[in-house]
Structure formats: C-alpha cells, structure tokens
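Quick one: the structure is below, and I'll ask about it shortly.
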Amino acid sequence: MTLKSLLLAASVAAMPVAALAEGAVKVGMITTLSGGGAGLGIDVRDGFMLAVKQSGNDAIEVVIEDDQRKPDIAVQLADKMIQSEKVDVLTGIIWSNLAMAVVPGATAQGKFYLSPNAGPSALAGKGCHKNYFNVAWQNDNLHEAAGAYANSAGYKNSFILAPNYPAGKDALTGYKRQYGGGLAGEVFTQLGQTDYASEIAQIRASGADSVFFFLPGGMGISFLKQYADSGVDLPVVGPAFSFDQGILQAVGAAALGVKNTSQWNKDIDNPANAAFVASFQAEYGRLPSLYASQGFDTANLLLSAMAKADVKDTDAFRAALEAADFASVRGNFAFGSNHHPVQNIYVREVIQEGDVFTNKIIGTALENHADVYAADCKM
Amino acid sequence: MTRETVVNAALTLGLLIVPMWALMADEPFIITLATRVAILALAGVGLNIALGLGGLVSLGHAAFFGLGGYAMGILASHAQSYTPLITWPVGIEGTTSMPLIWLVAVLAAGLGALVIGALSLRTSGVYFIMITLAFGQMLYYFAISWPAYGGEDGLSIYLRNGFPGLNTLVPIQFLALCYGLLAIALILSARLAASPFGLALNAARQSAARVQAVGLSPYRLRLVAFVISGMITGLAGALFADLNRFVSPTMFSWQTSGEIMVFVILGGVGRLFGPVAGAAVFIILEHVLGGISDYWHIYLGALLLLIVLFARGGLIGLLAGKAAHHG
Amino acid sequence: MGDPILSVQGVSKSFGALAANRDISLDLRAGEIHALIGPNGAGKSTLIQQIAGGLRPDSGRIRFLGQDVTHLGPARRAKLGLARSFQVSALAMEDTVLQNALLGALGARGGAYRFFGAALKDAGLRQAAEEALSRVGLLDKAALQTATLSHGERRQLEVAIALTLRPKAFVMDEPMAGLGTAGSQQLTAFLDGLRAEAPILLVEHDMDAVFALADRISVLVYGQIIATGPCDDIRANPDVRRAYLGEEA
Amino acid sequence: MSPILLIEQVLNGLQFGMMLFLMSAGLTLVFGVMGLINLAHGSLFMIGAFAAAAVAAATGSFLLALVASLAAAAAAGALVEVLVIRRLYARDHLDQVLATFALILIFSEGTRWVFGSFPLFLNIPPYLSGPVTLPGGIEYPLYRLTLIAVGGLVALGLYLLITRTRLGIRIRAGESDREMIAALGVDIQRLYTLVFALGAALAGLAGALVGAIQSVQVGMGEPVLILAFVVIVIGGIGSVKGALVGALLVGVTDTLGRALLPGFFGLFMEPSAAMSMGSSLASMLIYILMAVVLIAKPSGLYGATV
C-alpha cells in the first residue's frame, strides 16, 4: 500500500519519468484488490512481491492497480500503465474476461504480458501473441486432468456442471476431452448462483457414479456445502479453484476427501517450493495458495529473463522468457510453442491437518501436459 | 449571466484546458481519462432527459448503454473478420466506420427504449424503478449466456473504429470527437428543455392531471422522452466500447445503471451540466482515492452520502445555488 | 334549443359497497351555466371525474358534442374541447405562471412534439397564453413561479389555462374556493361573460355565486340528483330545503 | 422427470422462496411504513451472515450464532436508521437510491476491512445436517426443511404482530396516515427505528441461515437484494402478504425453470444448444415473470392501486 501510494505520487507529478538504470524493468500489475474476488488478486500480488523482495533486485519497479474485477477499469488501467507509467511488462489479471479485454491491446503495443492466472483458449490458439506468456495454465488444463483422473478412477457415468458462461463451457469441453465414460447429465448453472438444490436433486435422480464441477469462488463453496448436506455421496472431482487454500477453510469438512486437480501443491517436493511455502508463511502469516504460487513463479520467470537480457532488446528478452530458466515451485516447467506451460498436473485430495483444511498430492493426472490449442497458434 | 452559467463555463474551460496541458506535458493517459469523462457524461446527459426533465427514475439505462456498445462490437467484429452480419434476406456487412456505427447504436438503443419504455411506463414510482431494473437484468443475463459474441468474456475489437478525416487512434483526436458529440448533446438537451416538448414533459412530471386536462398524453410524452434518453445513452455506449476497444456484459449490469445515475445525481438532477460535473468528479475521485487505500470504496461511499444528505441539488446546486426559473 | 353540448345519461359508479353515483342524468346546453350543488360527500367529485374522463362509469353514457365519449381518456376529451379546472390546483408548481398558460396553448394547438425552438419565443403560443392571463388578471404575475401564487391566484390560473384551450365547454370544480369576497365577485362577473363563449358546468359551494350565475341548478344528494331546474324552483323545492337544512340555513 | 424429482424440486423452490421472504419482508415493511427504498438491505443480510460466522467460530454454537445475526443486523439497522436513513424519509426516491447505494459501498468494503478478503466458514449444526426420508421415499435435507419451517413461522409471527399487537396497529396506521399517527401521540421516530431494526433483523437472520449452506463472503447481499426487489414488486410494495406470495412464486419459478427448461428445449433442439438456450432463458425467467406481472397489474399482486 505504501509502495503503491509512493509510486502514484511520483507518477502524478508532471515531470518526465526518471530514466531507470540500465537493464531495469518497470512492471504494471493490474489485479483485483477490492470487492468479492479480491482474495485471488491479493494472493497473486503477495506471491509476486515476495519473489521480487527475495531477489533483492532493485532494478525492478512494480506499479500495482486495482481493476475492481471490471473489464473497462482493467482496460483503462492498462492504458494508464502503458501511456503514463511507460511500463515494459504487464501482469496480474485474474479473470479470463478481463484478460481478453487487456492482453490483445497491450501486446499489440509491443508490451510483454505475463499471465499469472487466466488462460483463455482464444489467447492460446488463433489469438496467441509472441509477447504473451502464460505462467499458470491454459484454462482447459485442469479440467482435462480431472477427466483423465476420472478415467483412472474408473468412473463410467459422470454428471457434469459449470456456470453458463464461456469459461464454464470450456471447462465441460475440457473434461469431456479426456474423460472416456458416459454422461449422466450436463447442466449449466447461472453465473453467481448461490442455491444448487435443484441441480443436486437432478444429480440424485440421474444415476451418475461421479460428479465433475467447475464453480469458481463462492459458487463452489455453496455447492459443496449443499452437496455434503444432501446425502448424495457420489465422488466429486473438480479443478483446484474450489479447493484452494484461500477458500477451503470456508468450505470446511464438506470438502474432505474430494479429489481435485492442480499443477501445484504446497507438498510438491523441491527446494524452491519448500522455501516458498516457508517464506510466504513467515511473511504473510498464512499458507500460500495456488494463486500465490503462480504470482511467485511469474515474478521469478521475469527475474530470470532480466538476468539474461535487457527488456529494451525485445527479441533477446523474449528468448530469455521462452527459456523459462527459473526454479519453478511446481518443479519442471517449460513453455510450449504458444507460450503456454507444459507441465505436470496432479491429483490432490482435501485433508485436515489439525484445524486447517488443506490438500495433499495423491497422484499425477497428466504428465508434461500441453494444451490442444497450440496447433492453431501461428506466431 | 447567472451563477450556473459561470459554473458551466468554468467546467467547460477545465475540460478543455486539462487535455491541452496533458498534450504538452506528454501525459496521454490524462487525455484518456478526459475522454472517459466525456463519454460517461454523455451517458448521463441521456439519462438526465428521462430523470431530470421527465422525472423517470430509470435504474435500467445500462440496457441502452450496453445496446450501443454491442452495436459497435458486433458491427466491428464482423468487419474485422470479413464475415457478413447477416446473409438473408439481404447481405449486410459489418463496418468500422464510426458514423455508421453510431447510427446503428442510436437506432438499436432507441428501439430498445421504445419497447422497454412502452411496457415500463404503464407503472410509476418505485415500480418503474424496479421494472426498468428488471429489463436491464434480462439483457445482462442474455448477454452473459449468449455465446455468439463472447458471452461473459465479452468481445475485443483490436483496432479503434475510424472516422473520416481523423486518426482515432491518436488519443487527442478521439477526445475531440467525443467532446464534439458531448457538446452537440448538451446543446440539443438545452434546446429540448426549452422547447414545447420540454415544457410539456416538465409539466407532466409535476402534474400529470394538468397535462391530460389540456389534451396531451403524459404517457406519450414520457415515452418519447425515454426513447430520446435511451438513444443518447446508446451513443455513449458505442463510444465507450470504442474507447476500450472492448465490450462486455458488465455494460448491462445494474451497477452500470447505478453509476450513470450517480453521475447525474452527484452533478445535480435536471441541471444541464450536472452529468458533466458528476462524471468528472467521479473519475477524479476514483483515481485519487484509488491511490490512497485498497478500501477506497468506503471513502467514496462516505462522500456520496455527504453529498446526498447535505448538498441537495448536487455539485452544481452546491456551486450555483437553487435552479433558476427561466420565464 | 338544439342538442345539448354535454349530456350525462344514467351514469352510476360505486367503489366497493359504496354507491357514489346512482343513475345520474344531466345536460349542459349551449350558452348556459349549469350549477351542480350538494353537500360534501354527495358524489360531486366522482361525477366530475367521470365527465372529465379520469374515472370510467360502471354503467350509463357520457356524450359530448353528439359523440359518445364514455370510453375516452381525459386527454382525448380535452382535445375534443372539454376544458376543466381542478378542485385542488393541478399546476406545474416549479414553472412560471406563463409556462403553465403556455402549456394550455400548446394543448390547444394539438401537439407538443416540437423539440427545437424555445416555447417562450413562439409568438403564437405566447400570444394565446398572455391573452388568457390578461383576461383573468394574472398577466402582471406571468414571470413568477407558480408556487409563489396565493391560493386564489392559482384558481385564476386554472381558469386561464382552461381559456387557452378555446373549449366547447367548461367543467369547473369549485373555482371560487378560497377566493375571498372581492375575488369571488370578480370571478363571478368574469364567468358571467364567459358563458357566451362556451357553456359552463359549475360545481360550487359559494351559493351567492351559484344563484347569481346559474341558468339551471342540479342538486346532488347521496349520489342521486334530487332536483334540476331554474334557481327559483330549486330555492322553493322542499326536498332541497330538507337536504340543506342546517347546512345552508 | 419422475414425480418424486418434481416434488423435490417444488420443495426446493419453496425453500428458496422462504429465504427470499425473510429478505423481502423487512424491505417491504420499510417501504410500506416509511416509504423508503433501501438498497442497503442486502448489506444487512451480509452483516447477519458475518456475525453468525464469527460467533459460530468463537463459541461453536449455531443457536448463539443465529442470535448474534439477529442482534448484529438489528443494531446495524438501528444505527444507520438514526444516522442516515432518518434524513431520507422526506426525500424523493432518487436521493434514497443514491444514499443507500453509498451505504452498500461503505458496508461492503468495511466488512472486507474487518474480516478480510476470504470467505468465512459457517456450517450446519450436526443436529440439523444430513437428509431425512419423507413419505413417498423422498430424501430431503433436514436443514432445508427447517428453513421452510422457519420461514413459515416468521410469516405467521409477522401476521400476528401486524394484526394483533399494539405495534402492529401503529405500523398499519403509519402506512395509511403518518400525520394521524403522530397526532395520536405515538413517537413516530421511535416507531420508524423499531420497524427498520425489525426488517434488518429479519435480513440478518436470513443471511445467517443461508450462510450455513452458502458462501459467507463480501458482496453476498447484492444478488439476493435484487431478487428481494423482484419479490416485493411482484407482491405489491408494502404488502407482507404480497411478499410471501411473491417470494414463493419467484422461488418456485426460478427453481423449476432451471430444472425443466433445458429439458423442454431438448424436445425440439439438439442437446447442447437446448442446454445453453434453456439455461439462458431460465436465468431471465424471474425478470420476465416480474415484467409480465407489472404489465398486467402495474402495482403488483397485492399492491395499493396507484
């Protein structure tokens, strides 16, 4: 907060932006810091800033702004970052619809964009761009992994549900892409819906042997609580979003035992991860979430590229980013031809450690998995 | 020269000087902000015709804002992908020409306002507020779940649309265009208020029975006002989409309706320059307060509350005193 | 004496169990002032509302200028030439006196759908409005805000607006109320001359004015007309005397 | 769709409707008695849920949590009534809308400031959790049945309060004639504060009850608020009976719409298009219902004619 106001004060003054040191990089972070979805943005920011702090690199300057989860505000902030702040790199956006609003314009103006969370298919396929890098996942990835897990668990008849909006439709498509069994039912819920009694009744009546759902944020919390109370006890799978550290405490015991897919967990065994989890807890007094890990990795990717090339030398800097030469907290990490991750996706189970609900990895759903849109990407 | 004229002139001067300064100081973002102020003020000018003159408290003007925005998004996306808009019964192509887009946006919003207004104006008071809200929500949910034009993801237009003789990608030129439209809308709205129609509409707000007794139909007066109001807000929607090069269902959300209403009330209901003052102050607050704290909404809320409670007549009322009675 | 300008034929109206008007018939002929009197709660306002078009009768017809207007709304009846003034002033209080009169002129012109050109600068409208204001003696107050007018002045403005319509008939709901003696006398004289322009259906409590002006009087008691006739007949009518005993002693 | 599933869905609709009723009753009372549009009613719902979650976390008792939700929402309601709302009664709807919109901003961000940005935990107590078997072999969550019962009890309580008590007489008098009630020597300010706090308490109770099966988070009040407005407008503003009927109508329409429409479109469309179309229409359905009601009856089902 103090950092932000200082920077703001500096930028409001009408003097020309002071020339930064050679090799310095100015980063514009547009993320959600107020309103209902603020938890995700705060985690990304905290993860990112932790990595910056640990690097001790003072050639990196970060300007942070709150997009209020509104696309038009995000676009306006991107304009501000580019026009006024004259940043070199943009990052931070949580939501696919905001990314779709900001990324094409930013990359067209020659800026780098590093996505710490959203990975809409349009940006991975036909709409890919050489200056756009996704450090999290392509949106379909975790759903595909859930489908793969469903196969290995022997599910033959899934009931699947997601909100009626593009990311929801992508989720069901992603699940079906890997899943080989039949469907007991397929339901689109309303975006922002809070009561799932009607859907749960349909699940009960459908004769399904498993349930797959993608309901991010509060929708997932509501669904899980109501599902647990309904007496339907079919196994549930879903992507990590509804079982992440930030919201798991709010779901409580209702989530225990649920399998979910994620490219990261705090128990992934590598030194970078161990150090990250410990230092994040020390710095902020809470367990890191998936989003924090993605923010942390995004910053480290950027720092690794800065060590190799000057951001003003766009081609060299891009090559340095493509190399992805940093110690990711998720272990092996590489970019595919469309600048989206090629990585393992794990299956986690929700467990209880003392008073705290958390996840532990129980297997690998997909190894070195890339997305299906890379073929459409012509850079 | 009344005090209100002085305040209006000062506002106009401010709106002109700030971008000029920004141009010289090479602060293009300030120009973008001024453009935003102009466009949102235009939306407010539209709403003010229904709200200030007609007394129609519409909590659904986002519907027209969004219709204008989507008119732009749909036409431009078809033009950019070289796919025809419709092929039957006649082939219609998309377009990236602003004047054409504006025309379509205004017509679409006007048609929307005609249908929504014709049904909603059967009610009055709180029921009217709520039924307009309901129509806005209908369009909002429709836009979210209608896959053809991006649904909740919205629709990106990678290049700003063109205007003959201007390079709209240059911020100051696009700003000039928006200022021009805002000025035209302000002049039209001032003349409308003084016109026979304005007289009758204003009277219908104060006493519907009187207007009926002289042989005029308040319903029709209000409907026409609602349509004009929707058209101007629709035009603002098309410009807003062009400013962001992006449209999304949030343009339809009830918060958008609420914000447009906030501009009008903040500035002063029924005051010619009310929406301009309201939009300018709102945008400045958003930027100044947003820098102070993550919890800046608290301060914004407190400020709005103080204005409603203690500065009746909005900012213009605060600066210029009670409304003058032209007679 | 030709067809009546306005005729009410067997009109009844009830609100729930309360019968406000029962089988009422009356007419208004060219050149006359027809006064409608009766104690409070007799159903006068309900009847006026039905004549002006604000309420629909449960049964019966209302004809105006030979045309059945029973199912027309107030605006349509006003367009046909039926002008009314309200018991409780219905005026645009925030506007000026002149603007209120202009509104009437606008209605008389038959349409308000002109979006440019200032209404105040329209010579035709302005002339009609100012003429009407001067006839009721309000011209010197034209620039004042209507809310600042006294109660009596507002009644005068109501009449002025009715005048701008150049109507075929007036329906006036207690125009004298609150006027004071001098004001009443002034308005009485004015209405006296007005009947030549168009007949007036006059609802009034001021009995001096009624007996001074009316060609005929109808008496409404408990929702029914108990007598209609010239002033002297009504004065002598025993039913009327009974109904008014104590109230108009 | 089997009859059992249909019955279950109707129950779901009733339960959803009862929750909407708790939310709407206060809103409609406040409007009926004081003529005030309160957009911040959803914030009181949120405050109830947060208070319940905080107390449940501290004490482990669900009943105490419910008491806390009632108390916190009533206190917050009384406080804003005295500080802000009181100044708005004489204003037009426009000022009320803007002022209470400002209150939403303050309450939402204030709650985030106090409780943080992450959702809170609040769960069904063990004695109410799990399903019970109803006659006909329908398995139905006990908690949802409890919600229906609570909603019914509150409706009954409100009915008795309004028809049988001195407070109720004053409320009804206040609805019809403010000056008369002041002339009767009733302290009108206290009455208003009381009615506002009562409405707030009901919203807070709804927040706590719903919070146990939903997500307790900032912004949870707004979607419910819009639904509550739909409810009271359909029922006729100011009418508690209208709120009950409207709430049940909206609850059942919404639930059955979501359950039946996709299948209905599936009869003559290919499945994925039918799914998408059906869901889209289902999400618009209650707004369509409201528009239709208002077009047919411009002041709602039980509203006074305007």
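Think of it as A, B, C and D in the order they're written, each chain with its own count starting at 1.
As a convention for this text, a contact is a pair of C-beta atoms (placed from the backbone, for glycine too) under 8 Å apart; a residue touches a chain by one contact, two chains touch by 3 or more.
Everything quoted here is computed from the prediction, not taken from an experiment.
Enquirer: Check every other chain and keep only those touching both subunit B and subunit C; list them.
Expert: none
Enquirer: What chains do subunit A and subunit D have as common neighbours?
Expert: B
Enquirer: Name the chain whose C-alpha centroid is most distant from the C-alpha centroid of subunit B.
Expert: With centres defined by C-alpha atoms, farthest from subunit B sits C.
Enquirer: Count the C-beta pairs in contact for A-B and for B-D, then report the pair with the higher count.
Expert: If we tally the C-beta pairs in contact for A-B and B-D, the bigger total goes to B-D.
Enquirer: How far is the middle of subunit A from the middle of subunit C, if each middle is the mean of its Cα atoms, in Å?
Expert: Averaging C-alpha atoms per chain gives centres 74 Å apart.
Enquirer: Rounded to a whole Å, what is the gap between the Cα centroids of subunit A and subunit B?
Expert: Result: the chain centres lie 35 Å from each other.
Enquirer: From the mean C-alpha coordinate of subunit B to that of subunit D, what's the distance rounded to whole Å?
Expert: Taking the average C-alpha coordinate of subunit B and of subunit D, the gap between them is 32 Å.
Enquirer: CA centre of subunit C versus CA centre of subunit D: separation in Å?
Expert: From the centre of subunit C to the centre of subunit D is 49 Å.
Enquirer: Spell out, as numbers or ranges, the residues of subunit C touching 2 or more other chains.
Expert: Not one residue of subunit C touches more than one other chain, so the list is empty.
Enquirer: Multi-chain contacts in subunit B: which residues touch at least two other chains?
Expert: Answer for subunit B, listing residues that touch two or more other chains: 141, 144-145, 147, 295-297.
Enquirer: Would you mind listing the residues of subunit A that make contact with two or more other chains?
Expert: In subunit A, the residues touching two or more other chains are 34, 38, 164, 169, 188, 190-191.
Enquirer: If you connect every pair of chains that touch, what shape comes out? Choose line, ring, star, complete or other.
Expert: other
Enquirer: Run through the chains and report each pair that touches.
Expert: According to the stated criterion, the contacting chain pairs are A-B, A-D, B-C, B-D.
Enquirer: Which residues of subunit B touch subunit D in their complex?
Expert: Per the stated touch rule, the residues are 51, 57, 59, 119-120, 122-127, 129-131, 133-135, 137-138, 141-142, 144-147, 254, 258, 261-262, 265-266, 269, 295-298, 300-305, 308-309, 312.
Enquirer: So in the complex, the part of subunit D that touches subunit B is made up of which residues?
Expert: For this pair, the touching residues of subunit D are 31, 37, 84, 87-88, 91, 93-95, 97-99, 101-106, 108-110, 112-113, 226, 229-230, 233, 237, 276, 279-280, 283-284, 287-288, 290-291, 294-295, 298-300, 303, 306.
Enquirer: What does subunit B use to touch subunit C in their complex?
Expert: Residues 191-192, 194-203, 206-207, 209-218, 221, 224, 228, 325-327 of subunit B touch subunit C in their complex.
Enquirer: Contact residues on subunit B for subunit A in the complex?
Expert: Listed in rising order, the residues are 25-30, 32-33, 36, 141, 144-145, 147, 150-154, 156, 158, 171, 240, 244-246, 248, 250-251, 290-297.
Enquirer: Which residues of subunit A touch subunit D in their complex?
Expert: Result: residues 34-36, 38-39, 42, 164, 169, 186-192, 194-195, 197-199, 201-202, 204-205, 217-222, 225-226, 229-231, 246-247, 249-254 of subunit A touch subunit D.
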